[in-house]
Amino acid sequence: MKLTKEQLLGFYKTMTTIRAFEMKAAELFAAGQLPGFVHLYAGEEAVATGVCANLEQKDFITSTHRGHGHLIAKGGKIDLMMAELFGRSTGYCKGKGGSMHIADVDLGILGANGIVGAGQPIATGAALACKYKKNGAVVVCFFGDGASNRGTFHESLNMASIWRLPVVYVAENNMWGISNNQKNHMNVADIADRAGAYGIPGVAVDGNDVIAVYEAAAEAIKRARSGDGPSLIECKTWRHRGHFEGDPAIYKDPKEQEAWLKKDPIPRLAAKIIELKYASRAELDKIEADAEAEIEAAVKFAQASPIPSPEDVFTDVYAE
Amino acid sequence: MKQMTYAEAIRDGMRVEMKRDPNVLLYGEDVGIFGGCFGVTAGLFEEFGPERVIDTPISETAIAGSAVGAAAAGLRPIAEIMFIDFMGVCMDEILNQAAKMRYMFGGKAKLPMVVRTPCGAGMSAAAQHSQSLEAWFTHIPGLKVVMPSTPADGKGLMAAAIRDDNPVIFIEHKQLLAVPGEVPEGEYVVPLGKADVKREGSDVTIIAWSWMVQKALAAAEALAAEGISAEILDPRTLVPLDKEAILKSVGKTNKLVIVHEAVKTGGFGAEIAALVCEEGFDLLDAPIKRVTAPDTPIPFAPVLEGAYLPNEEKIIKAVHDLF
Amino acid sequence: MKLTKEQLLGFYKTMTTIRAFEMKAAELFAAGQLPGFVHLYAGEEAVATGVCANLEQKDFITSTHRGHGHLIAKGGKIDLMMAELFGRSTGYCKGKGGSMHIADVDLGILGANGIVGAGQPIATGAALACKYKKNGAVVVCFFGDGASNRGTFHESLNMASIWRLPVVYVAENNMWGISNNQKNHMNVADIADRAGAYGIPGVAVDGNDVIAVYEAAAEAIKRARSGDGPSLIECKTWRHRGHFEGDPAIYKDPKEQEAWLKKDPIPRLAAKIIELKYASRAELDKIEADAEAEIEAAVKFAQASPIPSPEDVFTDVYAE
Amino acid sequence: MKQMTYAEAIRDGMRVEMKRDPNVLLYGEDVGIFGGCFGVTAGLFEEFGPERVIDTPISETAIAGSAVGAAAAGLRPIAEIMFIDFMGVCMDEILNQAAKMRYMFGGKAKLPMVVRTPCGAGMSAAAQHSQSLEAWFTHIPGLKVVMPSTPADGKGLMAAAIRDDNPVIFIEHKQLLAVPGEVPEGEYVVPLGKADVKREGSDVTIIAWSWMVQKALAAAEALAAEGISAEILDPRTLVPLDKEAILKSVGKTNKLVIVHEAVKTGGFGAEIAALVCEEGFDLLDAPIKRVTAPDTPIPFAPVLEGAYLPNEEKIIKAVHDLF
């Protein structure tokens, strides 16, 4: 599969935007400006980016507690996301959800989710709706290696398989569920191999190579869209930071951390782009700088936004 | 009006709504050609076909969770959980997804979904197939909780539940399924949140729901013979709860007995008692009595299950205690 | 593996006892003498028999709603079982449990279970206890094809695998979860293949061949007992009757039913025994007759037993 | 006596019991070198090793279900569920296995197991990480439900929970973890089922548990300044519930305010109100007030969460309403 200049530069823009968002969130959290739990996607940008580049607006995703990257890659609005992190009433959830619950149903983003694995059946149900409505839409379900051990994984993949639902399950294997390493939480090297239990295709790819992710996702999404049912894609990656901000991640081997930092997906893509002569280093720097500027603007927007008023507690419980 | 059983009436409610709105579909374990474990969905598979009446694997977590996703993506699913006892298997989906999605998203999602499930003892099905767990769902803001006691209510509340844009837990009592009654034909909607006086009375208010309405009505008959006039109030939906109707009835009778089949501690009867004690204290001239199952699991042997269940005599005794 | 005469005749005795128990229960249920739900094991006797023949008293099993066969095979007392079906106070559970909850913890029988799949984590935990206590005991977990789709299956097998627990998961694939055929509830032919998702051995055997079951179980139980961790065994079988008594099983194809009735494990074993000249037809008939007599005696015991008294409702909720 | 935080005291309770009985072991997500999401188990892995302090996969169903099996097979497991909000994932194991096994088996099993789990809001953790779900567990006969409010109670009740032969749901409040207090050293057991008067008073009884005891004590201070003497009764265990202590205190003050952090409808406050209204009606000279969270999911933004939570002012206002 030959990717165009526009595609690769688009990936670069998305990935640097996610990175800039996350590093800013880290900084703001450390400065005590963001309440609650904040789980960052830094290091894993290639996954959301490569997958979501295959999606249209009508398609759906379900995300996780580590959701900023998915949301940005699916087209989520940076300023509304940032305002939500700050708990402002201009935020995506009017300050009611916070980082773990950002959603944009109109963009097909069925929410970050604070419950590990909960997105799996939700994605399955959204795929049932797509199939039933015959609207050509597909669903992508993101989740972690840890979530691959939840019962929801099993029930969802089985259900999607027997009903041939248009859904792609994307296991983001960053090798950790908080402090628990994959080698202690499962006895198989590749989560992708679990696809065999459901009679669906499963493939493991280098999750730090956005092109590999894009290609695997393209195939799976095409399969889903053409009515040939679900797939499982495992993307091997690494989270650069602690589980949540504030976690010093003492359980990580510093050597392994260092080795993975060298596999950072962003410089890797930059090198590829430069090699292909799609852009110069300076042009890439400009993309990064623009991303940072967009994030700065979002922070300004958030900080200038009103905080909710106490009575807002009572609204939005029920639809009329 | 047509004579139908409770099961037929609920099925008719689903059928009419499925005809009315192609986005309504029904799925669960053995709801297809088997017609559901208790026959409530019989014939719907034949009528609506395998795309709209779908047998699922034994995967309650995925059943409930997928209903959330399907509803968020534009359908109006009816998911059946074969026994309310199995709701523990999908409580996260109910508690943390269905009930909270709209709020967490700042009001930007609608979840028009119904989870149908049968409750109740009386068939020696023992501790894991006989429970009444409605109180749990009332303690989860974001859900509505419906418990019809008659065929007509079953049909009309089902229609309302399907049309509602919120997740509704619709609890059918196994002992009522074969009970007949007059039911309006065609489209028929009983609004959620409106209690129904199943019998007027002036001396004591008995609040009961689901199967216990029948027990309360029987008790009221017997009490009438002794000259005690009992009003039977059926809230029909526990959430939203018709507080006005409750306070109005207690205001009239000044005495309250609450009857439910669930175990006593933490049952929804406590909520009603607390409500009346908080907002209608001056209306009361006697303690509020609760007639409920005891705080034990549900035993198997008929004699034990009989001793376990609230019944006419226990209700009468509670009323006598107030006079 | 060469099986002795004693072994095969022992299997025959167990299988005919189970069958006699089940046919009597069917008769009693039809006569309105047994309250509640009754799920019969007729046709599947080779599974429990072949597996449990490898177990010692200290070993544990978890059973299902279709539990009579497992209980008998693990040494459960027929009269106490029958009395429980009748809801008498001499029954295993003093009439509080009924068919779906019979247990004998002293015999390692951790209960029939009314919740499909619930035995899987319980067995896993019992295996954790065995491993921790280093008492050489193992655990066998019985469950159906339908239960193989529950999240409990996934979480349990994964946990047992990473902790190398002494447990054998036995999938009794009778091809039906109530009215739902395997081809509609899973998209793989062999449940055994799901073992690969956990890095444990998985094998599918003819569940109507008690010797095949015995041998597969022997290997897996040996593996468990020697500290080499869990296995999954799938036994392909068929339930002769409806899901529960009273179910006319209209969803079954009569031809398929007929074909399977021909594969009845009991005549098959009889033929084998006769072929090996371990016993004559008459001797086998005697075993059967003895089994039937034992069941009759159990029915008499049950019917002569007192019904519980209403105050018993209140006891046994808590241990002191 | 030693100064310890609530988290340290609970840990000490576990440590002392683990030393005392080799059959006690602890497992859950990240309870090992990570020390638990809130640090409560810190150091236990180092002290007792990987056989007794075990990190699990993210599999709450298997965690709770395996605790049932381990207990039935002779251990005394302590299973940690990282947030009470995740109990929905393992409710079947709690509801249908742990709570009922003994009864269903006719008394022939013992399940000495503790499920530890943190509850409560106050850290902007939003709707899925902040709940107070104790009422559910009180509605399941066969369970005991423990909610300590002080370090000493945390230690002593933990010991009692571990020694108890029944499944115990042990609920720790996140906002209390860092709160210090005097704690007895070595073996120390606070029996389950005994309420504690946290402050004596004569004008009004305030029943509160867990974090809300602190709020109630603060309110009592302020009320004392106005001349209202509030008695603060902490039931400490909701099941078994110390009814005598409750009726005794209400008998003294004739006024009752119940404070809990859970949402109002179906909360355990309703059970206490219903109990007093049923068994102590004549003791009351005013309505029973409940100070609780509103019937909404828990919002994220600090200002919203602040508005959501019960606090000193809301308690004081409720008390004022009774005078």
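Note that the chains take the letters A, B, C and D in the order they are written out, and that residue 1 is the start of every chain.
We adopt the following convention: contacts are C-beta pairs under 8 Å (C-beta built on N, C-alpha and C of every residue); 3 or more make two chains touch, one makes a residue touch a chain.
Quick caveat, the model's predicted, so the values are computed rather than measured.
S.K.: By CA centroid distance, what chain is farthest from chain D?
M.R.: C
S.K.: How many angstrom between the C-alpha centroids of chain B and chain A?
M.R.: 40
S.K.: Rounded to a whole Å, what is the gap between the Cα centroids of chain A and chain D?
M.R.: Result: the chain centres lie 36 Å from each other.
S.K.: Could you put a whole-Å number on the gap between the CA centroids of chain A and chain C?
M.R.: Computed value for the inter-centroid distance: 45 Å.
S.K.: Which parts of chain B, given as residue numbers and ranges, touch two or more other chains?
M.R.: Residues 56-57, 59, 61, 85-86, 89, 92-93, 96, 103-104, 126-128, 141-142, 294-297, 299.
S.K.: Mind pulling the residue numbers of chain C that touch at least two other chains?
M.R.: 93, 95-97, 101, 113-115, 149-152, 155, 158, 162, 184-186, 317
S.K.: Name the graph shape formed by the protein chains and their touching pairs; answer line, ring, star, complete or other.
M.R.: complete
S.K.: Okay, in this complex, where on chain B does chain A touch?
M.R.: So the residues of chain B touching chain A come out as 25, 51, 54, 56-57, 59, 61-62, 64-75, 77, 92-93, 96-97, 101-111, 141-142, 144, 165-166.
S.K.: What part of chain D is in contact with chain B in the complex they form?
M.R.: Those residues of chain D that touch chain B are 85-89, 91-96, 99-100, 103-104, 126-128, 133, 135-136, 138-139, 141-142, 239, 241, 262-263, 265-271, 273-279, 281-282, 284, 286-290, 294-297, 299.
S.K.: Spell out the part of chain C that touches chain A in their complex, as residue ranges.
M.R.: 149-155, 158, 161-162, 184-188, 193-194, 196-200
S.K.: Looking at the complex, which residues from chain D come into contact with chain A?
M.R.: It comes out as residues 29-30, 32-34, 37, 55-61, 85-86, 89, 123-129, 294-297, 299-304, 306-308.
S.K.: Taking the touch rule as given, give the residues of chain C at its contact with chain D in the complex, in rising order.
M.R.: Answer in residue numbers: 60, 62, 91-97, 101, 103-106, 110-111, 113-115, 118, 120-130, 132-133, 139, 151-152, 155-156, 158-159, 162-163, 315-320.
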